[in-house]
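Next up: some structures, all given as structure tokens.
Both complexes below contain subunit A, partnered by subunit B and then by subunit C.
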Partner chain A sequence: MTTSKKIVLLGHFGVGKTSIIRKFVTNEFSSDYKVTIGVHIFKKEVPVTTNDSISLIIWDLEGTDNIDLINKAYLLGTHSFIYVYDITRPVTFSNLEENVLKLKEKFPKTLLKTVANKIDLIDDINDEKYKDTLQKTDYTSSAKTGENITDLFDSIAKSFAL
Partner chain B sequence: MSLTSIKSTHQAKNTQFIVFNSNGDIIESDNVLFSLKQKEKLADVHPFFENVLDIITTESISFSCVHLEIDTVSLTCDIEISKIENNNYLLILIDFSKHYESFQSLAQSRNETAIKSEVLVIKNEVLREKEAFKNKFIDNFSHEIISPITSIIAFANLMKNSKLNNEQKEYLEVMTSSSHHLKSMISDVLDISKLEIGKLEINNEQFNFHKLMTQIESEYNHKCAQKQLDFKLLIDEKVPTYIESDKTKIRQLIKNLLDNALKFTTTGNISLSVKTIFTRAQRITLAIIIEDTGLGIKEEDQDKIFMRFNRLESAKHIEGVGLGLSIVKEITELLGGSIKLKSESKKGSCFTINIKAKYPVTQELKIHKNSKKLFKKNKQKHQVLIVEDNELHQLTIFKILAKTNNYYLDIVSNGTEALDAINTTLYDVILMDYKMPILNGLETAKAIRNLADKRRKNTPIVIATGAHVSTELLSQKGKDINDIITKPFDEEIFIEAIENCLIEN
Partner chain C sequence: MSQQNKLRQLKELLLHEDRDEIALLQEKIRELEGIIEKQEQLASRVDPIIDKKLKQYTEDIPEKLGPTITESLKNEIANSKDQVVDALYPIIGKMIKKYIQQEFKILSDKINSQLQKSFSLKNWTRKFKSKVSGINEENLIIQELAKTEIQEIFIIEKDSGILIANFSKANTIDKDVLSGMLTAIKSFVEEAFKTGNDSLESIEYGLYNIHIQNFNSYYFAVVAHGVFDSAYKGKLEYELLNFAEKNLTKGPQKNISIKLTEYFNNDDL
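What follows is the complex of A and B.
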């Protein structure tokens, strides 16, 4: 049996939301940056048990630092949010807590995962300067190397199956 | 043609109307944009519709800028869904692909610029951190080197007065000269690192400018004589005796330029002259001119000489690292002054520094009696307490002061011991290191000022600190502490600071 669940990726522009989705859906990566405007929608089926799978409908939203400015219709019916930031650009996680809080207030029942992307670009993940932010983050990922990308979506899909 | 028909013809080109039922089955479509079949499930057409069907209420919903790829057609549409009669729904797709394409290219360049500038800020930050680390390292390293060199020089000077044969005197001269050269190079590197991080601060004070010039004259008369050169000091009579400026830095500027003149002059003379350029409302501009009959600098090279680490081809055979003149220029500018050079190759050079300073209303403001008179008049020796944790420094200070034969000296290693010593002995002056274990110099000074005994609490205190004078320490000059001297100190400045305290007291 297949059910479909809507996942919305949010975060500042240029953090790699589209790259994460492309890596997951088509296993492709390009370092060329192409701005997303509006929304692109992707689909991928993920097996969650031997007989069951979940169809993930992944909404790739235009990047913004202020989630209040997102077209509200885009967020309706969302089953899980993935908030992505770029570990190499502090401006993309400077308001992480604030945006996470807003999402939790507006969508208290919706699953939310935070992801620190472009982890391949930093030399030492244990560096003190990342410590505080990473403590508030669920996943570190690299769309380039594929690190944790499948795990991220699989874990979300499995949480729906429970 | 009516306006309504024009409007519908125009809209018809980019708008598709689809009717579907509550199961998501397509009932009717005009297929203007995408070719959809009757009875086809909307959810199978594009994943966008999969979840949308779940959220449709009685109200209409609008989505802007949705990218749809259906079969081979790829469009960016605004989408509106509303409930109509018979429990059916109307889906309107309006193609705004061209509009969004132009918006996309604008957003692309806007975001790329923003990211580039963010990355630049981050890179600059990293560079700044690296630079700060490097400067701190140089600062610490130079300091560690300069202290022992200062001790070497101090002890070599003391040794000069002992019984030595001619050969030993020659060896000692070479040792002293090499140590001075090493110390001067390290001081230059230290200054550059401080200039880099903006740590080189201006410490203005009123001082006897004429006396400073005379001290320099005495030093360079000797140095020039060693090279068979004449040295002249000329001070214009309008130059006030006392001025308010940074004495240490003015001394450094003049000495750097004189050392430079000494290096490049083999015959003839070197002169130091001071003129008043401008005076108004207790403000003065002085021209300090250092002229030599040395190697001179070619016109095409004259702009290069103030650059760091720049050594002219014609001067490669002369020792140095190429920092002296760049430091002079930067410190002059830090003092709000300027530097000019006039030079002719093989004839000589003339550097003119213009310095702005204040001068007191009355020259009687701070009359320092000649220190020699102080000791002639008062044959009693003065009791000095040295508070210093470094044993080598203790010994250096002890030897310098002992040589004058004007002081009784007590030495302790920290602030607590100093307070104990003060309780038992009445001192004329306390010389204290700033950085000490247990209580630092300033904390000890505050503790002394809080003593009950009036004579003890008012004992003059001179603090010896590293090359960087902290703002906290500087703010206490004239309050809890009488004077600050920076390490490594030269003998003359060191003794002068102590004598000034004794005179004022």
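What follows is the complex of A and C.
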């Protein structure tokens, strides 16, 4: 049996939301940056048991530094949010806690995962300057190398199967 | 002096100027021959270069002159709209006329073909309907030919945009992605215009019409082809309400897609 679930990716401009999705859905990566306008929708089916699978309907929203500006209707009915930031640009995670709190307040029952993307661009992940932020982050990822991308979506899909 | 010498001297005296002229002409002929010969030599060397340049120039025209030509045309059209319209009017008029004639021909052929099937049950039913209703048979045939056909029906969860059920005559696009996109478009329009509780009710493209009918937690999106007039819309709304009442009042149930197909597979509403 297949069940559909809505996943929404949020975060600042250029943090790699679209790249993460493309890597997961089509296993492709391009360094050419094409800004997302409005919303794009992707789909991928993830098997969770021998007979069951979860069809992830992934909503790729345009980047914004203020989640209050997102069309509220885009967020309604979401089963899981993925909040993405760029580990190399502090401005993209300066309001991480604030945005996470807002999402949790508005959608208390919705699963939320935070992702530090572009991990391939930093020399030392254990560097002190990243410590605080990474402690508040669920996943580190690289859309370029594919690191943790499948794990991220698989874990979300499996959490729905429980 | 001999007779011969006298004759030669006389010739020299008489033909002196002619000889000079002949010498001059010969000189000019030699010069011309030289020029022609040189031109041929030159041409054999220069022509390939010119040909190559010309070829390159021709290839580069769209790139190098395209923007200039487009800009000039834009300006020219902007500055002389009336003249452009006057010039294009008869051409476009003829094209439209030809298209309409062609469409009428197709329609006429279809009507004839329908009438020729005089022994079919459908034809006898139509004749009977014509007699009873008072509408002439040709009008009934035109009505049949312009019939609205439902191509696809989606039942979509209002908030998430997740597809609950679907009936489709053509498996062209991913239904889940389409449902999401329809919901995103609907949400965008409704949010952008912020007109209270109003909601998007239809989207038109070409000969297709997407009719949207909202319910509390889900909505129907019906893709129809053909004439989508208010009478058809009314019937469709009634049938969707009827279907929802029978199958969706207790929340999403199993096999809704099968029920939807059974209910709407017949083109007659």
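In this text, the second predicted complex is superposed on the first by the 162 of 162 C-alpha atoms of A that agree within 3 Å, B and C clash if a C-alpha of one lies under 4 Å from a C-alpha of the other, contacts with A are read in each partner's own complex, and residues count from 1 in each chain.
Rule of thumb we're sticking to: contacts are C-beta pairs under 8 Å (C-beta built on N, C-alpha and C of every residue); 3 or more make two chains touch, one makes a residue touch a chain.
Not measured: the values here are computed from a predicted model.
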| item | value |
| --- | --- |
| Simultaneous placement of subunit C and subunit B on subunit A, clash or fit | clash |
| Partner chain(s) touched by A:F93 [first = subunit B, second = subunit C, both, neither] | neither |
| First, second, both or neither for A:Y130, with subunit B first and subunit C second | neither |
| Winner by number of subunit A residues touched, once subunit B and subunit C are compared | B |
| Touched partner set for A:F81, first subunit B, second subunit C, both or neither | neither |
| Contacts of A:N71 with subunit B and subunit C, given as first, second, both or neither | both |
| Partner chain(s) touched by A:V35 [first = subunit B, second = subunit C, both, neither] | first |
| Partner chain in contact with A:F24 - subunit B first, subunit C second, else both or neither | neither |
| Partner chain in contact with A:G14 - subunit B first, subunit C second, else both or neither | first |
| Common ground on subunit A, meaning residues reached by subunit C in one complex and by subunit B in the other | 4, 6, 38-39, 41-43, 55, 57, 71, 73-74, 76-77 |
| In the complex with subunit A, residue positions of subunit C that touch it | 157-163, 174, 176-177, 180-181, 184, 187-188, 190-191 |
| Residues of subunit B defined as touching subunit A within the complex | 46-48, 50-52, 54-55, 61-67, 76, 100, 103-104, 107-108, 111-112, 114-115, 118-119, 122 |
| Touch list for subunit A against partner subunit B, complex | 4, 6, 13-14, 33-35, 37-43, 55, 57, 62-63, 71, 73-74, 76-77, 88-91 |
| Complex contacts: residues of subunit A adjacent to subunit C | 4-6, 38-39, 41-43, 55, 57, 59, 71-74, 76-79 |
